[in-house]
């Protein structure tokens, strides 16, 4: 049941592309996509997600949206704390590194979001249209909370931290801006008016996501060496934290009245770790934090785990809870 | 034709520093800059460009004192925590005023 | 009636994307498309327009084409003169700057052309297939006439102008070449043989145009500061000239026997100002002209005006005249 | 009959785009695609071919595949020898240059492969799905054989050649890796699971191939000057060798039990000359070989010849033999 | 190993000048050049790259006299009306003949 | 602030040499490098970038002896058969140790 879902997920084009790219890179094959394609694809994915979410919001009435929205904000506050505490206590990491990593787990991975959507699409599980709206919220809140933790500590230490700058970095950064721009356009135009652009933003979505995951595979594979260095404690936590946060997300989703599909998505978002917005913000706000730790955890361990086996697990959680 | 000596300061840094470095240069007295992207590797071991995207490569022609100030500023604020490399060299320009 | 057409146009995906990109950029959000995507999209749009026009020419018989063609040449000669005279007299600008700006209004904006096509498509208004052929003609004639004006003047002054070079710059430039190449391929292959490539060049057209207009929005927004500097006279003319030239285009179109759709397109072309071919040519031929004036007028004022409110106006003119 | 097939092929969008691009470039028009698009398109084409082949292999049973596979290996061994001997004897070229050029004719051109597939698609001629698998095999074997010839000679001379490095260059190079990755993904996922990505990898294929051939046209046109310098002997052989190898390919294909479509493809592969994998390998293994000769022959003469008139000829051969 | 001094002239200019500048370099005696694209800003205020696309960055290794000639040529024909910045520096090369 | 002189070696080469050149640099003692792509033309006549793609442009800051070694190595192994151009210039850096 779960195992068959895992196989289905593994054999879907995007995940398969990711796995193949990882393997090819490990045997030193050159499968990197040409420079310049990566930013184009991520721009496309964020816009397409935003448009989809905007269309969904255009149809949804506020009554259905406010509870999931609230749930997202709560999750955005809790998940980084879960991460922070476990990294401090069980991971035996310092405040700065713990907060830095926590910011990644508090935030979300848009690509993981797209993979779960593709998975549910293939499974035939319907999803609420407005979920991409929650993505935008979750992406921000978690980073803010985690940076606040570090901030509070640094203040006590009298250390300086440019976290205001870091925040504006996130809010004005391309990933948030593109997502929100897509939401705005989708909301204003509505489904009918967007039909002419569907061949690009809907029709090509799975294909371009697959292309993107090839690049993700090469990047993740390059982190493998670091995984060894990072030590078993961090690796273990990079597997455990998503499961805990995923469960919290599933609970929150079902409480917020989301269906199985929406609950799976919220669980996946809670479980996912950012590797674009968060690293950029953390690099500015906590320059002394070791990227080797937070990138390895989010990109080297959690991301592959989530898209290969995590998603089916969160799907099972959702079905169990709703 | 008569040329005048100025300093060309070249900075290679991880892209996340883009906005900051450009602001710093202005404040330190640079009147302009050219920026492009580059890849690379060094002693920092881990290469931030894997997830941040390519490094930035900044060139700015400045007066000697400004060049000094820029290098000093980089050493103080960035060298310890960021992937940054910088060097200065003497070049000859035709319109020195443009860079003062 | 007109207002509803304006709303329909404003809520279409491409125009909406443009407006959103302008707003985001004004609040310092980073929504620029990745470098390298812009030239790819403009290449695509020009080829796609050319192919469409070529297919249209393949079907059309010369009898229908020669009158609109003649009308285009006449427009290409008159519109820059209209611009030049008003800029000299009302705008109180010098010969060089007036001629430089006039070259932009004599030439056309291919993107504005694509937006009007998308608008008419959405409105369900049929258009003659061969219109893209007129685009190529109009793009060149206007620049030549305007440069000739400056040339004549400079000759009198004994000043040197490399306008031969400027002309070859236009004729060999990518925008004209891609357009003509597309026309040639479309004409030679014809509609049936091009069906396999329709998913790319027809199906994705609205979506890629939308993507392109996001970039255009960021570029236009960066001109806003300049608009203030440019002074109210230039801004006023950058709004008035398109309306006058648009009316001339509408008249010419109806006289040439074009339908409402074709007349709207010809009016829009006449009203549109080039910001790719013309600036490049003017930069070479009239290096002393101030780009701050001609770019601000064409890209900062006229382009946004045309795609947001101009097109519906020209559509109304066309319906009134045909 | 043959002539009509040539016209049909010539008027297909991809070939037409190639011819137009050549002509435009010869009259110094700037129709080069923006930098960065070329590698993106070649990446796409290789992946798409691989996926197609993988799907085909997923359906095919080993019984149908082993004979064509054997035929490919044999062709991979014979075609470079045919090339080598004729270049030495008739072309009066030295060992190094002959081996260098032979490596190109032993290997294959993936683009020529895609053009023949498009041609057969348009002609309505069915093709075996697994042919892309043969492409991968043929691409490698021919290069290896040709380099071995040079290697043997250099060894006798006591000269040094880094052909191990050259080989790994080919095997780890992007073209082979992308092809094989596509095959693996297609094989593992199978046709149904790949349907979501079909709009990108199947629907856009002819269009993106057309775009790619515009760039190929500009590159080929730049070789024309070299063609003059290369001398009539080399040009003649660059036309004769494909015909001979094409005939060998057609014979091998029919003996291996391929249909008319598959035989045409195998003949085209045998006739085609590599201009990506081979040049890179040869540049490393035989640095003293003159690129002016092997690039001119493969890219300046054989490639245009094959896609414009060669393919219909090989099609005729295939129909005659099966 | 013995190296010889030559001049490296670097030119950053708006892209519309591409064809012209390359022709000029040849005529002034440059035997070759490398060209890439760059962004930037300077005292010219308005940045042509917004609508022209990125600037070009040309590097050419030449004899001293050719370097002089290039800078003089740029000053005379381009500096006043175009966004162009250029500088020269002394470099050491292994095959001087290649650049003469 | 005190700066120390090092050598900046710049190499422009056809892209097929990428892996090799980077390996060579490491072995010859370079502690890091920056690499970007460039187009260009020279005396080699035929431009390999037409089919190989753009050239690579490598910059590496090294000690004087390493710079010597790199130039010598290029002359011996690449100059005769490949499209390669290289030059060295003296630059000032703030953290010399980083490049030793």
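Brief remarks follow.
In order of appearance the chains are A, B, C, D, E and F, and numbering begins at 1 in each one.
The definition used in the following text is that contacts are C-beta pairs under 8 Å (C-beta built on N, C-alpha and C of every residue); 3 or more make two chains touch, one makes a residue touch a chain.
Because the structure is predicted, anything quoted here is derived from the model rather than measured.
The minimum number of touch steps separating chain A from chain E is 2.
Here the chain-to-chain distance from chain B to chain D, counted in touching steps, is 2.
When every chain is reduced to the mean of its CA atoms, the largest separation from chain F belongs to C. Compared on C-beta pairs in contact, C-E and E-F come out with E-F as the pair having more. Using the average of C-alpha coordinates as each chain's centre, E ends up farthest from chain A. Measuring from the averaged C-alpha position of chain D to that of chain E gives a distance of 40 Å.
Centre-to-centre, using mean CA coordinates, chain B is 20 Å away from chain F.
Chain C and chain F have Cα centroids lying 46 Å from one another. Rounded to whole angstrom, the centroid-to-centroid distance between chain D and chain F, based on C-alpha atoms, equals 34 Å.
In chain A, the residues touching two or more other chains are 35-36, 39, 199, 203-204. Residues of chain B in contact with at least two other chains: 36, 89. Chain pairs that touch one another are A-B, A-C, A-D, B-E, B-F, C-D, C-E, D-F, E-F. Residues of chain E that touch chain B in their complex: 10, 12, 36-43, 55, 57, 68, 71-72, 74-75, 79, 85-89.
Those residues of chain C that touch chain A in the complex are listed here as 11-13, 16-17, 20-21, 24, 28-37, 118, 121-122, 199, 203-204, 206-208, 210-211, 214. Chain B meets chain A in the complex at residues 14, 16, 20, 46, 48, 50-54, 81-82.
Residues 36, 39-40, 43-44, 47, 172-174, 177-178, 181, 184-185, 188-190, 193-194, 196-201, 203-204 of chain A touch chain C in their complex. Residues of chain F touching chain B in their complex: 1, 3, 6, 8, 31-36, 61, 89-95, 98.
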